[in-house]
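Order as written gives the chain letters A, B and C; numbering starts at 1 within each chain.
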Amino acid sequence: MLESLIYFSPVTVLLIALLVLMFGERDEEDAYGCFRFSRIMLLLSFVLAVIFYNKTTVVGLTVGNKFTLLFDCMLYGAAMALFYPSRKWFISMNLPAHIFCGCLFLTVLSGSLLISSANFALTAGCCATLLISNYVLLKQNIGKKEIDFGSKLYLFTAIIGMILLAVAAVIFYEKSGSLMYTNLRTALEIGKNDLLLFAAVGMAVAVFILLLGLAPLHFCSTEILGGTTLPVFVYFLCVPLSAVWGGFIQLNVNVLEPVLGQLRLFYMGVALLSVGIGAIGSCSGQNIRKIFAYGMVFHLGIVLLTLRKFTLNAVNSGFIYLFVYLLTMYGICVCLFGLKKKGEYLFMLSEFEGAAQKRPYISAMLLIFMFSLLGLPPFLGFLGVFSSLNYLALHHHFYQLIYLLSMMTVLAYAYLQIVRTMYFEDKRASFDRADVGIYTAIFLSMALMIVIALQPRYLIFGFRTMLEALFL
Amino acid sequence: MIAYTVLLLFCIGIFSSIKVGVKVDKVLAFVTFASLFLVFANFCDGMLDAAEHSFSFMWNTSSGRDLKFEIISNPYNYALVMPCFLITLLGCLHSVLFRAEERKSAYSSLLILNLTALIILITSNNFVQLISALFIVDILALFMIKDIKAAQPYMLLNMVADMVLFSVLALINSRVDSLDIKEILRYRQIGFHADFAALAGLTAIFTKLGFAVFQVGNMALKDIRFHRMQNVLLLSSPMAALILLLKLNMLWRISDYFNIYADIACYVTLVWAFIGSITVNNFQAKVIYWQTAFWALMVELLRFYGFAWIPNFTYLLIEMYVFISALYLLYFYNNRCRNVSQMMRLRLTHKKRLASVAFVLLLTAAAMANTLTQMYNQENYRCIWLFAGLFSVSTATVIGQVFFYQGKRYSGVQHDISFKWGVFLELIALCCCLLYRAQWKNPALWAVPAVFALLCACPLLWKTAYFYKVRYWQRGDVLNRIYLVIIKSFRLCGRVFWLLIDRLFLDKVILGTAVGASHICLRTFRKIHTKPLFGGVVIVLVMIGLLWYSYLAGGGYNG
Amino acid sequence: MADLLLLLLVLPLLGGLFVMTAQKNENNAFNAALFALASSIAVVLRLLSGVVHLPAESGAEYTYSWLHSSHIELGFGADVLSLILLFGVYLSILIGMIGLSPHQRRSKSMLLLILAFVWNITGLFLARDVLSFYLFFAGMVVPVFMLVGLFGNVKKGSTLYLYFALNFVGTLLFLIATIVIYRHHLGNIGMAELAAAKMPYRIALVLWMAMSLAFLSRLPIWPCHYWLSLVCTGSKNPVVYIITNLLPLTGLLGFMRFWEQTVPESMDAFVPVIDLIGVMTMLFVAFIGVSFREFLPKLFSYSAVYYLLFLLAIVLLPAEYEKNVAYSLFIFVIVNAALTVLELDAESAAEGEEYTSRGILAYMPKLARLFTFFVLVAVGLPISSMFWNNFVVISALFRENFAIGIGVMMAITLIATSLAYELFMMRNLPHTFVTENEIEDISEKKTGFFLVLIVLLFLSFFNPLWFVF
């Protein structure tokens, strides 16, 4: 029992932190203290999670292996990385941060459980929690009409998602008598052509698609992200993704493997749609956050396109792309934290005019990160693109390859708009001085990118051994 | 050895190009002339003892092909170099005798370097050396002309001709896989586009000689200094073209059309030059027409003599040089008047000087008549008669107008012009040398100067001065205008291509369509995204459709 | 030798570091960049002297184990061809930098981008395998785009985007080719081995089509010439013009490297199409060149015609002619750069006057002489090794196809005449061009620099590698 409690300690720490943030005595204006507490608790939880990565508390409910460790690390890393610039934001805006931090803890908690879940009930619960957490964060943008409407839409979709999960769970339980992954897999092997079972699978997958913000369920997230606060925007772009992808991969490899043949075309359709909508969507607006939000849809579409067979090679290629994307996107987000005018963080493209003259280093970094996302060498993004495209070529998907590359050209237009505004528009606008911490964060992410670009073997071969754990 | 001469000439050329003060320049020009004279003497000495020598070094190597720079000394090359050398020497002498140049030594240096290039052209044995020397002669012509406006058409036309020759030689090389000129024989056997090569090459040569239709380049020289024009006409590109005509004669003979083409080109040129020289008012333009007619005669005679260079050709060239020098004196004594109509008003002022010129001209006519009668035979008589007739009439007309025809009183400033004893004696001496070998019983020797004198005194011919007042004739050669139209049409073509293909087709049609399509895409996209109800329906339909299709395609329904 | 190769790759990066950390002084950063470039030239010359004396097949080699896997190793090597071209590229960029105005020299970002381009082009020329080639081929897109966008004076944003899109699509196509190779050979492969590799017809077709299109996207072949011309001719910055004009060289290099031995069998049917479009574009661009009244568009047309000539030579002729093409290209890029700088000098001198640069050379005798020399070299007169090498190349083209030979010569004649015509117009003082201001001639330092270049070019007429000891 004691042993189980110890193994459960990472989750316990997160729960305690969450409860303290929600119900504890707090100073509304002490964002700094709130973040300090959250950081310590998150770090503690992370250390414990790493130490007990292969220990399970309740057999059959969760699993622990190198695969879960890898995605846990990414989740915790993203959360911690988000804390750093967000603290600056909350302090500068003089706003309370306990709800934000609380939601972040909720996301990490549900995310880590989702990654290691071995039971559909837990998976459904985690997904529901994630949806709630996302909704609460979106709801934080008080006073903006479109956000209000957007959050309501998100809530509506989230409720439908939860209903779908519940219906799927009921059907699964009906068909297999248990919600454990192993039992579900057996049921799917037997009822391969059972339409009802397949519908349940579809419902579950749809919720994941909603959580990942892939097309055609990108509506609820991408459109409202343009108006959210910067920390929330960064949260959506970086934090829940690793958890959801981890859980999604786990679900597909361990449960849906028998019906993957029937799902493959669906995944392909979703992926191609995401790639297309992401590319076109990013060109359609003047809101820089919306551009990156649609960019996310595009990039995650590529990840799904690569992953769709869920073999070890596919997972490896998809993971490389995802990792590079997260790293680069984080860099971009930090750059956005560094560019503000009169204390206001920037939304519209036109506000970035002349940024290169006033903030040359941040602009240069933003430029590098964007070109990296386009997969241009010598930036790290090339490695991700190369890995994904190589996988597609390996399986003779030449048409998809060409489609993808053409969409990449369309996406390039959107990114070039940003470059053009920053560099080629000669406007003498004034920008606020950026915090040293922002420069440090940019420098660190850049250094990490350079190191990985020079020695990519850890990314390509090192992580592969960890991902193999999923297939053992 | 000619190589030795080339080296000396190159050194003198470089030496005399040194920039010095005005006084030193005169000395330097004289020293240059003296040195050139010594080299000439040495050259003549070598010519008497003309054994076959070859000087060569490896110039470049590429694609397994060695390119040698060769200077071959043999009697033929010596004979061919001789007129060029002599005319260059005379040119340098005139540079010393006349105050026509600010920097006499530099001008002499140009002439000497040009001679060096001509010798390299004459002695070359491979295509690359041949074409290189030709290009160098053309570049030096640019400096000899010194007038940008005049150099423009001359250089451009010559450049086009050089490019055509370049193409022809490249084509031959591509077939015979050798740079040796003698390999043209093998090309004759292979015969790959032989007619094209021969006729294109010949056209390029005619262009450089300034034949009818291609005379625009040479005609532009009418506005530069007389002595420069004279040297360019006799020593530069046209002379190089004549040498090329000789060196590549095997190529021309490949084509069956060669004879007829050459005939037509030469006769048309003769007639054209005749008309031009009679009607045009500009004195230098007249000289250019006469020179062009002379080149036409040379080409025809060379063809009839099987492209063998006999001494009479050398004499003809020198006679032509003397003739133009005499005209230069006429021009000089006439206050450097550009137009004949102005010269007509000056005739009373410098009677003695003009008489000296008339004397030289008569001697030249005699010398020329002597050479032509020596070359006269059953094959070429038509050509010689035509040339002699037209040339005599046109020159006599102009000279008669200058000497006898009364124009309006000249109102401009008349300079006191000194008698050029040096040049006069030089020309007399040259004429005497040329006539020294004459057979005195030859009736043409006496008849031609007599007829020439009579024609000069024929008032009917003077009346052609009427054309000088007709603005249409004086506006320039009609072909000049045609060339301008051609250039304009080229430009227009370029502009139309640019507008039609680049701007209209690429920019407006292709890109416009792409931009339009992308706008439609974006509009549809926005429409879906701004109407949640419509969007929601679409989403649900898409999702279900995709899932259903995937299920079916995965074998779900049948399985 | 391997150390020198590594040094050559590192020098631009080191230069960039120095530029970045240079103090805000008028010339510090510029001198650092200039020094980096000059030292790169010294290293290239040292390498050349080493490589020239080696047997034809061997050369300097350096391998960087990128992934510590036998599948991906980045190989670098140097042979005479790559080094001579690299020397030409360095020299032309150096010429461009010399041509920068004091105000332009102060821009650190420009110097950094120039060095980034230099680094990429160095890597490209030294690359010995497909992946390394791709890395540098695609890598130069960003610096070139930024240079054009920041300093290239391109007025229309859409032009800039299309220019980027063109290059970007090219790199993506090459990426497809690289991936196909990677997939087929389960790893990276040397460029020389690729030509001999046996592949199924469809795979080979995809591979070579993608590769050819990628390289063609860099060349001023129809329709790509349009955007290239829009970007090039608007530029008033010599380095930007020179660098954008050097970009087609990368496409040529691609053809040189990958079609080294012979035209791939799968592309046999398409080669005539390339030839046809190439020749047609040459004529078309030459005609357009004639129609322009400014020198810079004419110069662009000229360079487009010559690039296409070299393309035809590489595609049509056997590998033994590559050296001729390389020697010719070496002179060509230098002359192009020199003419750009001199023309922009003349243009800036004419600035403020009421008329165009026509007639300006009449006021600038020193510049006029230099200009005349370079134009004469450009039009192919026997003053440099370009003349003889062009003769060999054109002769071989005639051997391959008479019609192509004629087309090529027509285009060359047209553009050469057009260039020479413009030279005369610039030297000829029109009556309308009257200036009361004293026009400053080219400086003594610049004149000296260009005289050294003239010596370099003239001596190459006798031996293209005379500077290698």
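What we mean here is this: a residue touches a chain if its C-beta (ideal position, glycine included) is under 8 Å from a C-beta of that chain, and two chains touch if they have at least 3 such contacts.
These numbers come from a predicted model, not from an experiment.
Here the chain at the heart of the structure, going by C-alpha means, is C.
Counting C-beta pairs in contact, the chain pair with the largest number is B-C. Centre-to-centre, using mean CA coordinates, chain A is 44 Å away from chain C.
Each chain gets a centre from the mean of its Cα atoms; for chain B and chain C, those two points are 35 Å apart.
With each centre defined as the average position of its C-alpha atoms, the distance from chain A to chain B rounds to 78 Å.
Within the complex, the chain B residues that touch chain A are 518, 521-522, 525-526, 529, 532, 535-536, 538-539, 542-543, 546-547, 549-551, 553-559. Taken in their complex, chain C has these residues touching chain A: 66-69, 109, 134-136, 138-139, 141-142, 146, 149-150, 157, 160-161, 164-165, 168-169, 171-173, 175-176, 178-180, 182-183, 206. For chain B in complex with chain C, the residues that touch the partner chain are 59-60, 62-65, 67, 127-128, 131-132, 135-136, 138-139, 148-149, 151-152, 155-156, 159-160, 163-164, 166-167, 169-171, 173-175, 192-193, 490-495, 497-498, 501-502, 506-507, 510-511, 515. Looking at the complex, you find that chain A touches chain C at residues 360, 367, 371, 374-378, 382, 385-386, 389-390, 393-394, 398, 401-402, 405, 408-409, 412-413, 416, 419-420, 423-424, 456-457, 460-461. Across the complex, chain C meets chain B through its residues 158, 162, 222-223, 226, 284, 287-292, 320-321, 323-324, 327, 362, 376, 379-382, 385, 387-389, 391-392, 394-399, 402, 405-406, 409, 412-414, 416-417, 420-421, 424, 427-429, 462-464.
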